[in-house]
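You will see chain A twice below: alongside chain B first, and alongside chain C after that.
Our next item is the complex of A and B:
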C-alpha cells in the first residue's frame, strides 16, 4: 500500500515519542479488571449477609441454613453431578442469548423454543424408535432441534424488521402460544396413558445420553455443551461473522457507515441464537429425561438471559455463569429438603445474589474513584519528573 | 442607560468531554430592552442560556438579577427568579388545551381539584394584557406553529417572567407570523419584560434589538448598540478567525474528475428540500472545502455521499459509477472513505477494541481471511503498524476505544479512513474538538494525500481556519444550495465569506460558472 508509506513519512517529521508510554491507561484497565472480581465477591457476600439477617428472624438455626446453602451443593458427588447437569441447558441457553445480545436484539423466543424443540425431538424419536444407532440419532436430534429453533426465531426477527414490531413484545407473546402448542402435541399425540402424570411414552434408548464419572452421574450432554462453547467462542472472536455481529451490536450506525449490512447480520444472529435454544431443548431431553413431560414453560430461556448477563455476553465465560447459576439453584434445593425454610424464600436469596452480581454499576462509584486517584497520582509523578 | 436587570459575569463552562463551550463570558441586559445574542452554531449561545435557565451548571462565574447575586440550580428555580425560556423545540402537551398548558406547574385549584374555568380565565387575562390573540380553550394540537409559540411565551409570562429567553424564535415562523411576534415583543418590552433574542438572522436583529452581544467559539466578542453596527460588521465579529493557520502547500494539479454531483436534491420527511439542486465536480488532486453555518444541508450532503441516505433527484457519480442505489459497501469499494461528523456515532465503536475499529472496513476482505477464519496475525500486525504510524497513544490494540482521549479516538478513525485505499475522501468536521497537534496532522495528511496520491477530498467544516487553509477551491452552502464558489480558498477573506454564509450576499449561477 503506497499511501501508507507516505503517511509514515508525514508522521516521522514530528519528534518521535513512544506511543506505549501511557501507564495511566494501563492502570485504568487493571483497576477495571480487578473491580470486576471484587464486585462479584462483594455481591455474593452482601447477598448471603442479607439472607442471614432475614434467616435469624424466621429460622431456628440460621447459620446451618446458610452453611447448607453455601456448602451443601458440594457435599456429595451426586450433588456435584447435579450442578453440572443443571449447567448444561444453562450453558446452551446462555450461548443462545449471547447471539441476541451481540446484535442488541432482546429476542426472548428461546424460552419457548427450548420447550417446543424438546417436544418435537421426543415426538420424532418415538416415531423412529430404536431403528437408528445412537451415533446417528443424537446428531439428528440436535439438528432437528436447531431447525425448530431457527424457524421459530425467524418470526419475531422478521416482524421486528418488516413490521417494526418490538422484538421483546412479539417474542414474549409468541412464547405463550408456542408453549401451548407443545402441550397440545404432548396431550394428543404422544401421551402415555399408562402413567399417573402427563408425560409422553419413554424415548428410545438410542436418544438417552449415557452418564459419565460413576457416582456423579454426569450426563454426557456436558460434552455437547462444551464443544458448542468452544465452537461459538471461535465464531465470535475468530471469524468475520463474529466481528460483524459485535460491531453491529455495539454501534449499528458505525457498522452501517463502514459498509456492513446491519439488518442482515442482526437477522442471522437471531436465527443462530434460536437454533442454539433448539439444540438446548433437544440436549436437555436426551440428557436428563426419559419422557417429554413439560406441561408449562420451563424458564430456561430467561435463565439463559441471566447466564449471558453474568458472562458479560462473552461466550467464553458462559460456562462460569452457567455453573454459578446451577450452584445457586442446587444450594436452594439442598436447603429446601434439609431445612425449615419455605421454598419461596430461597428464590428471594437467589434473586439477591444474581441481582448484585449482574448489576453492572454496583460499586462503580468506588471504581471511578480508584481510577481518578490513579490518574492524579500519575500526573503528580509526571510533574515531579519535569521538575 | 437603563438599569441593569441581569448580569452574567465571567461564565466558564467546560463539558465533561473537555469541550470549553463558554469562556469567561460577561454580558448584561437592561430593563425594557430586546437584547440579541448572536453567533454561529457551536459558539455557545445555547449553553449560556441553559446556564441562565438552570439547565446546565457552570464551572466559574456569577449571575446577578437586579443587582443581587443568585444561584440558579434548576429551571424551576430560574422561573421562580423571573427567568423564562422558550425553546427552539416547543415543549407543549398537544392533547391538552391552551389554558391547561399555560397553567401547568401553577394550576389553580378548587376543593383539591383542578379548576379549569379559572385556568381559562387567568390565561385569557394574561393573553389580553399583552395583546396575544389565542383561544384559551382550543386544543394545542389544532394550533399553528406561530400560535404554539405564543402559548410557550404565555407559559413563561404567567409564572411572572421578567427576563424572557427566545431561542431562535423566528426559525419556524412564516414572515407574517414573524411580524406578529415582533409586535408582541415590542409590547412585552414596553410593559417591562427584558427579552433575550437568540438568532443568526441579522436583519431581524438590526430591526428589533437595541443591543447585541456577539459570541464566537465560546468567547464574548463584546456588546454593542445596534445603532453603531451594520450587518456586515456583525458578521465579521461572528465569523472571524482567531488564529491564522498556515499550511504550506503546492498549487493543486487537478486532473480527471473523480466525484461529480449533478443537480442533487434530497427532501426531509416534511417534503422540504434539504439539498436543493447542488452541482459540483471534484477532481483528482484537489481539496474542495464546503463552508457554511451548520444546519444548511452539509450533514445531509455528507450522508448522501457516504451512502447513508438516499437522494430524490439528480445523480452522484464516483469514479464513473452512479452511486444511486448502491450499498455503503459498494460505494466504499468504488473508492470512498468517510471521516464522520461525530466520531462516537458513525466514526467508531467505543466499546470495541482499537484493532476492531481500525479493521472495521476491511476485515471482510479476502486479504484478511484465512479460509473460514479471520487472519488474526495479519490484522494484528497491520493494526500495530497503523498505531505506530498515526501515533495512537494507547497500551495495546485490544484496548477499548472509549478509553482513549478525543484526539486519539480521531486518530483511530483516520488511521482507518486514510489507509483504506480510497481516492475520494469525505471529511466532515475532521478536527472538531480535538487537540491542535492531531488536528494539524489530519489537515496535513489530507493535503499531502491530494498532492502525492491524487486523492480528491470534500472537506466540510465549520472551522474557517480549516476550510480556508486546507482547501484549494471553496464552496459556501446555505439553505441546501451552493451560494458562492471561490477558485482559491486562501485568498478569500473571512469577512467576505461570512457575508455569504449568513445570506447577506449570494452569487448568481453566472458568477459561479466554471467554478463548480
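Our next item is the complex of A and C:
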C-alpha cells in the first residue's frame, strides 16, 4: 500500500517524470539518508568500543573502570549538570564550525577566537565593574565576543580570498599568535597577584550567569546555546542565505554557474562562524568561570569541528553531538580521578570518530547492496506488472 | 647586549634542520597531489617513538630506526584512511593531529607515568655531532659547518636525494605525473593509489627523521607537544618554494633564523616573552603574504603579456 502512496506522491510533485523511476530515485535517496545516520551511529559506537577496549587493556580493575566510564557521568546530579555545562561551549563551537564546514572552508581560527574573546570580555568586565545590571551586561559581553570573533576570522578569510593562501595553515599559525596575545593581556593587564596560579581578578557578579535546577547547578548559558541553535537552524534551512551557503558548500561549480557569488557567500559564512566562536568564548567565561585563567589554547575549536562532523553540518543535530562529546569527556574525567587513567586518551577516540564518520567507503559496500536490492525488487515488480 | 654572529648562524642551521625534514615530507606528498597537514602529528609521534625505541633497545641507532619506522607507520595510517578509506584529506589530517597530540601524552603516561616529559624516566641518548677533520680548523666556517648533528648533514643529503628522486628517477616522474593530472596518469596505467602510498612512504621517512632530530638531537627527551607547529611551518616553507627541494630548504633556513633570533632575545632582554613566542608563526604568516602577492603579480603580468 505504502508503495502506491509514494508513487502517487511522486507523480504529484513531478508529473512529467515516469512515476516508477522517480519511486526508485526516492527510495535510493531515502536509503542514502538513512545510511548517513547509521554510519554516524556506527562510527560513534566503534569509537566508544575502542575507548572501552583501551580502558580494559590498561587498567588493573577493568570492570570497575568500565562501569565508572559508562555510568559515572550519571552518578550524581552534579555530574549530570556538568555534562550540560560542558556541552554549552561544544554546542556553540559546533555551530561555529557548521558555518565553516558548510562552505567547505576548514577555517580553524575558532580555537583562538574562543580564548581571546574570553580574555577581552573578562578585561572589559573588570573595567566596567558592577555599574551595569546583568540584563545589560550579558548581551553586551556576547556582542563584544561576537565582534572579536568576526574581526579575527576576517584575517584568514581575506587571505584565502585575496591571496589564495591556504586557510587551514594560516588559521593554525594565527592560533599560535593569538593565544600568546591572550596570555600577554592576562599577565600584564589583569593578573591577580593574590592567587597562587596565573589568573585574572574575579569578574563582577553582573556577568556571572546564575545557575538553574538546584543541585544540578546547570549554568544558564545553556539558554543562550539553545536559542542560538534554533536561530541558526532557521537561518540554515529557512532563509535564502542558508540555502545559498549550503549550495556553495556542496556544489561550488553549480553555485557559480547559477550566478551566486561563491567567494562572497563563503566569506560571510566564515565571519558568522568566527562571531559564533567569540560568543562561545564569552558565554564560557560568564557560565563556568569566575576568573580568566587559560594559559594555553583550550582545544574548543577542534571539539567544535568534531561536533560539526558528527552533526553532518546540520545545526539541529549539533546539541546531540555536543552532549555525546560532553558525556564521553566527563566519563574520562571520572575514570581519571577514580582510576588514575589519563584522560588524554579521549582525543584519540575523537580522532577515530572523525575518521570513521568522514570515510566515504566506511559501510559503503553495505549501502550499495541496499540500493541494489531495492532496485532489483522494483524491477521484479515491474516485470510482474507487464505480465 | 652582544650577539655572537657565528654562533647565531650555527644555531639557525640547527633550528632549521627539523623544518627542512618537515618541508621535504610535505613536498613528497605535494608532488603526488596531496596537501598533507598530518606532517605535524607524524613528527610528534616519531619524536616519541625515537626516544622510546632508544630507551628500550638501549642504543642511539635503534632509536633512530624506531623514529623512522614510527614516521612511516603514521604515514601509512593517513594514507590508508585517505587513499583506501576515501576520507577528505583535510579532515583526516586534522583528526590525526588531534589524536597524535593526546595519544602521545597517553602513551608517554603509560610508559613512564609522567604527563609532560620523559626526561626523568628515560635514559637520554643523543645522535652524535660530527666534527669534520680539516674544515673544523678554518676560523669562522669551521664553527658553522663542522660540529653539527649528524642528522643536519643527512638533511643536506636528503635535499639532494629528493631532487634526484623527483627529477631523475622513474618513481619520481610517476609521482609528479599523478600530482599533475591523476586521470591522465591512470589512463597510461599508473596506479594512483599505489603512487600515493609510495609518496606517503617517503613522507613518513622524512617526518621520522624530523621527529628523531627533535627528541634526540635538539633536546634528548620527549616533551608534550614538542613539535609546536614545526610541521605546519615546514609545510608553508615548501608551499612558498613552489615544491622545489632546494628552495624549501632555503626558506626553512630563513624560518630557522627567525626562531633563533627569538630564542637569543628571550635570554638576553626583558622584552615580554609572549611576543617572542609569536615570532616564528608571525614570520610564517608574513612570508605567506609576500610570496602570494609575488605569485599573483607574476601571474597577472604573464596574462597581460599574453594579451
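Here are a few things to note about the model shown:
In this text, the second predicted complex is superposed on the first by the 310 of 387 C-alpha atoms of A that agree within 3 Å, B and C clash if a C-alpha of one lies under 4 Å from a C-alpha of the other, contacts with A are read in each partner's own complex, and residues count from 1 in each chain.
The definition used in the following text is that a contact is a pair of C-beta atoms (placed from the backbone, for glycine too) under 8 Å apart; a residue touches a chain by one contact, two chains touch by 3 or more.
Model, not experiment: these values are computed from the prediction.
In the superposed model, A:131 lies in contact with neither chain B nor chain C. When the two structures are aligned on the shared chain, A:261 is found in touch with chain B, with no touch to chain C. Shared-chain residue A:76: touches no atom of chain B or chain C.
When the shared chain is aligned, chain C comes close enough to touch A:309, but chain B does not.
Of the two partner chains placed by the overlay, only chain C lies in contact with A:163; chain B stays clear of it. Applying the stated contact rule after C-alpha superposition, one finds that A:253 touches chain B and leaves chain C untouched. In the superposition on chain A, A:244 makes contact with chain B only, while chain C stays out of contact range. Residues of chain A touching chain B in their complex: 1-4, 6-8, 10-11, 14, 17, 19-22, 25-26, 28-29, 234, 238-240, 243-244, 246-247, 250-251, 253-261. For chain C in complex with chain A, the touching residues are 35, 37, 81, 84-88, 90-92, 94-96, 98-103, 105-106, 109-110, 115, 228-229, 232-233, 235-236, 239, 272, 274-275, 277-278, 281-282, 284-285, 288-289, 292-293, 295-296. By the touch criterion given at the top, residues 58, 106, 108, 159, 163-166, 168-170, 172-174, 176-177, 180-181, 183-184, 187-188, 302, 305, 309, 342, 344-348, 350-352, 354-355, 358-362 of chain A touch chain C in their complex.
Chain contact summary for the complex, chain B toward chain A: residues 306, 308, 327-329, 331-333, 338, 340, 345-352, 356, 359-361, 363-364, 369, 372-374, 376, 385-396, 399, 403-404, 416, 418-419, 421, 437, 441, 444-445, 448-449, 452-453.
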